[in-house]
Amino acid sequence: MNALPLILGFPLAAAVALAFVSDHRIGARVNAGASLATFTVSLLLLVLETPEPTQIAFIDDFNIYLVVLTSFVAFTAAWFSAGYIAHEIETGRLTPAHLRFYHAMYQVLSFAMLLALTANNIGVMWAAVELATLTTVVMVSLYRTRPSLEAAWKYFILGSVGIALALFGTILVYLAAQKAMGPGMEALTWSSLFAEAPNFEPELLNVAFVFLLIGYGTKAGLVPLHAWLPDAHAEGPTPISAVLSGLLLNVALYAIVRFKMLLAANGDALAPGPLLIAMGLSSLFVAGLMLYRRRDIKRLFAYSSIEHMGVITVAFGMGGPLANFAGLLHMALHSLTKSAIFYTIGLASQARGTQQVEQIRGLTASHPALGWSLVAGTAAISGLPPFGLFMSEFLLVSSTFPRAPVLGVLLLIGLLTAFGGLMLRLHGIAFGEAERDRRPLVGSLIPVYAHLLLILIAGVFLPGPLVSWFQSIAEVLG
Amino acid sequence: MFATLAYDLSHMTGAMVLLAGFAVLYQRRLLGVLRAFACQAVAVAVAAAWQAYSQEAPHLYVTAAIALLLKGIAAPVALDRIVRRLDIHRTVETAVGIGATMLAGVGLVVLAVLLVLPVTISSAALTRETLAVALSVVLIGFLIMITRRNAITQVVGFMSLENGLVLAAVGVKGMPLVVEMSVAFSLLIAFILFGIFFFRIRELFDTLDLQSIESFRGERR
Amino acid sequence: MIQAAITSIGLQLLHFMVALASAPLLVGSTRFAKSRLQGRRGASPIQPYRDLLRLMRKETVLAHDASWIFRITPYLVFALMAAAAGMVPMFALDLPLASIGDLIAIVALLATARFFQALAGLDIGTAFGGMGASRDALIGSLAEPAVLMVAFAVALVAGTTALPAIVRFVLSGGVGVEVSLALALIALVIVAIAENGRIPVDNPATHLELTMVHEAMVLEYSGRDLALIEAAQMLKLLVFVSLIASLFAPWGLAVAADGFDFAELLGGMAVFVLHLLAAALLIAVFEVSVAKMRVFRVVEFLGAAFILAVLAVVFRFVTDVS
């Protein structure tokens, strides 16, 4: 039995259904329910035998891992979104008509992401990433305020340019493959591309990779292509910020890593590692330094996402079993942690009626559960033990030192810079004299607790099967 | 004989597309920009139709039709109406002077040629050329987006960038999914037009400038 | 041997005569076509002959401060233009003079003429002369790189800078739909418009103080000097028109390598007349349909020509890979 039709089918069906649901409470429940169903069937992928690649789908451990992660976070975000959105209706920032659209788009977005992850065709993958971009643009502009429109516009233009360059790269990959594989659909299919990669024309493949890196790198928010990211995070509804940071960036990275594997399989092509490492390190440093001057809490954590994308890119750029393992772990844990953080700051900024750091001050005093969750999340994201991100960062740094000491030092400096920036801001947000709430705090913290629990477990004790599974994926990534 | 004709004609349509890209750069009035862009889209449509004929790939006619109808007619007409209705000042605001951008454009063309020709030695001559021209068109589209500070011209820049992609896709023999890709892009473009039309994005932002939003968010003192 | 020399000298003389005789006609018919397009009756196409004759008969008035430069310039400019006209094929190829000077020599002749004209404009010390000279120098400094680039592109395509050889190459049909040539053609047309002071760069029909360029420069000339200057200007237009025609539409020109073949020469003449009429009509249509641009815009206009010419060269290289 193949679970894939269900995984892609649930969001699609839910999107159609939600387009006809006008009551926003029912819509929110259907949204969360469909996401839960998608998550449940995606778990089947873990249990069932991995299906053979078909024209449409290409399933291996790498994307099973991402599909499960994506559908899980999409589910908790949908759960969180139900409470969040109800609050927005009460304050009048959104209308039920907006929400109908929002819920349908949410499912289209998860469909697009899952399709991009599982497609066996680089053209289809490209189209799915484009679809995901379009839906998130719509979501970012949901509030229809001038800044949100500007943010959406900027995201849109930069994202489109990225998409366009990725397509050029895709065409070049096809051209590189043509000599070995002849014309036709085969030369766009992952499974056959990997098989034939050694016979590709290396020069063309190199140029193609540069275009793909710039194209999908824009979507992954890598410096210097990150300009859209903080604005899009700050101006959209918070559940969407969580999905953007936690999932969509991963999807773009997934594409880059796949193409990197293609290059690695071709002996004569240039080594993609240094390019990735350069972009990753620059993301780490630029974003780390930017953390110091943020006054908007969502922008603060958006920059932190750029920083972590940088770390993951460095890890995959280094390659090798250990670094890849660290990268995979970091990817998953960053998704979980960052979305948990966005849930908490979503609630906090609703209560305080602002996203300004100064006016969210003293959260632990006024809302202990929320405040301490945010403290825990921020501690986790800045890489403090006992949370999982400490593990993955430690693994990465320690595996880098013996291979490239200079790089290891740079990585450490970058991580410490970001750490300092976050700690500085955290102090202002969580502690000190509490500001007055403008509205009562509503919404469930259960998704936050679930995420925090998972990253805590990952930091303290990684189950053996999971470790060996990650190791096998890390082997595949080369 | 036919082979050289096929070659010459694709060569010529490619040059027309590139030339129209320069024409967009050269224009000083918004309406002139739109007209030059429409010419480019028509040239792309001709190129696609010619490739459809010479490669005997009928599906490319769809791409040609999309280029002609959507980008050659619908988009310029819609943008024209927007420009007139919003009464956006008819002069293009330039970040860099027109002469300088044109020189930069030539530089980009040279760059594209120098980049593409060495790496495609084993490909067919026609493919190599089309690819070089297409990359030039893409880069010039970028140039338009970067140097013209106005939402409309940015959209035009994006669409002409996309014209370059269509040129590349139809020029590579036997490329599957070209039609699907052009449909996907049409979706993007329709979306952009829709956005401009409904949200009345007027003069706006320099896309690479974070300032306006940062100041709104109180991140700049 | 001597026979051949006599024939070729005869051909060259005939060429000069035809050039001198047809230059005013070209200008006259352009004006005529233009006025008809504008709905005026217009002067007859032979009016420029009458104007030149009238000016020849008039007394020359020289300004007090005029130096020898001012006095020799008309003769010099006319001579240079005539020399250039002698090298460009109009109705027949293989002119003896053409073997002396190639494309670049023609550009140089034109540049020298412009140099002296600008000097003469400055020499007299009036405001208009200086203004015209400086604007003309501006246009020239932009037009010459463009025209050299065009020469470069054409030479790359044809493999030579000698005009007869280039024309032969085009005639041989090996060019096909050659994009480089098309680009070079557009560039050359732009340069020709600017060099001849036509709309949209300059308006040859007005003496509007703020906009005139060429007319301002020659404002102080009168009588025979003015006639020479005007004739030189007409020749310049003829040079450009026949340069463009022979480079890009040479079909039907008499290929008079040796011996007078009258039928061929007559055919060449017919083609030449056709070229002139077509040019007059095209210029008229173009000038009626566009507006004159601001001086600052001229920079971009000529810049476009330069860029087109550069693109022509680039495309030449792109094609080379086949």
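Chains: A, B and C, in written order; residue numbering restarts at 1 for each.
The working rule: contacts are C-beta pairs under 8 Å (C-beta built on N, C-alpha and C of every residue); 3 or more make two chains touch, one makes a residue touch a chain.
The structure displayed is predicted, hence computed values, not measured ones.
A.B. asks: Building nodes from the protein chains and edges from chain pairs that touch, which of line, ring, star, complete or other describes the result?
C.D. replies: line
A.B. asks: Farthest chain from chain B, going by mean C-alpha coordinates, please.
C.D. replies: Farthest chain from chain B, going by C-alpha centroids: C.
A.B. asks: Pick the chain whose C-alpha centre of mass, unweighted, sits closest to the average of all protein C-alpha coordinates shown.
C.D. replies: B
A.B. asks: Please work out the Cα centroid separation of chain A and chain B, and write it as a whole number of Å.
C.D. replies: Each chain reduced to its C-alpha mean, chain A and chain B end up 30 Å apart.
A.B. asks: Nearest whole angstrom, what separates the Cα centre of chain B from the Cα centre of chain C?
C.D. replies: Distance between chain centres, rounded to whole Å: 37 Å.
A.B. asks: State, to the nearest whole Å, the distance from the C-alpha centre of chain A to the C-alpha centre of chain C.
C.D. replies: Comparing mean C-alpha positions, chain C is 65 Å from chain A.
A.B. asks: What residues on chain B touch chain C, complex-wise?
C.D. replies: On the chain B side, the touching residues are 4, 7-9, 11-12, 15, 18-19, 22, 26, 28, 98-99, 102-103, 105-106, 109-110, 113, 117, 125-126, 128-129, 132-133.
A.B. asks: If we count contacts the way the header does, which residues on chain B are in touch with chain A in the complex?
C.D. replies: Within the complex, chain B contacts chain A at residues 115-116, 118-123, 127, 131, 134-135, 138, 142, 145, 151, 154, 158, 161-162, 164-165, 168-169, 172-177, 180-181, 184, 187-188, 191-192, 195, 199, 201, 204-205, 207-208, 210, 212-213, 216-219.
A.B. asks: Show me the residue ranges of chain C that touch chain B in the complex, using the header's touch definition.
C.D. replies: Counting only chain C, the residues touching chain B are 176-179, 182-183, 297, 299-300, 303-304, 307-308, 310-311, 314-315, 317-319, 321-322.
A.B. asks: Give every residue of chain A touching chain B within the complex, in rising order.
C.D. replies: Residues 121, 123-124, 126-127, 130-131, 134, 137, 141, 144, 146-147, 149-154, 156-158, 160-161, 163-165, 167-168, 171-172, 174-175, 178-179, 182-185, 188, 201, 203-204, 206-207, 227, 230-231, 234-235, 293-296, 299, 355-356.
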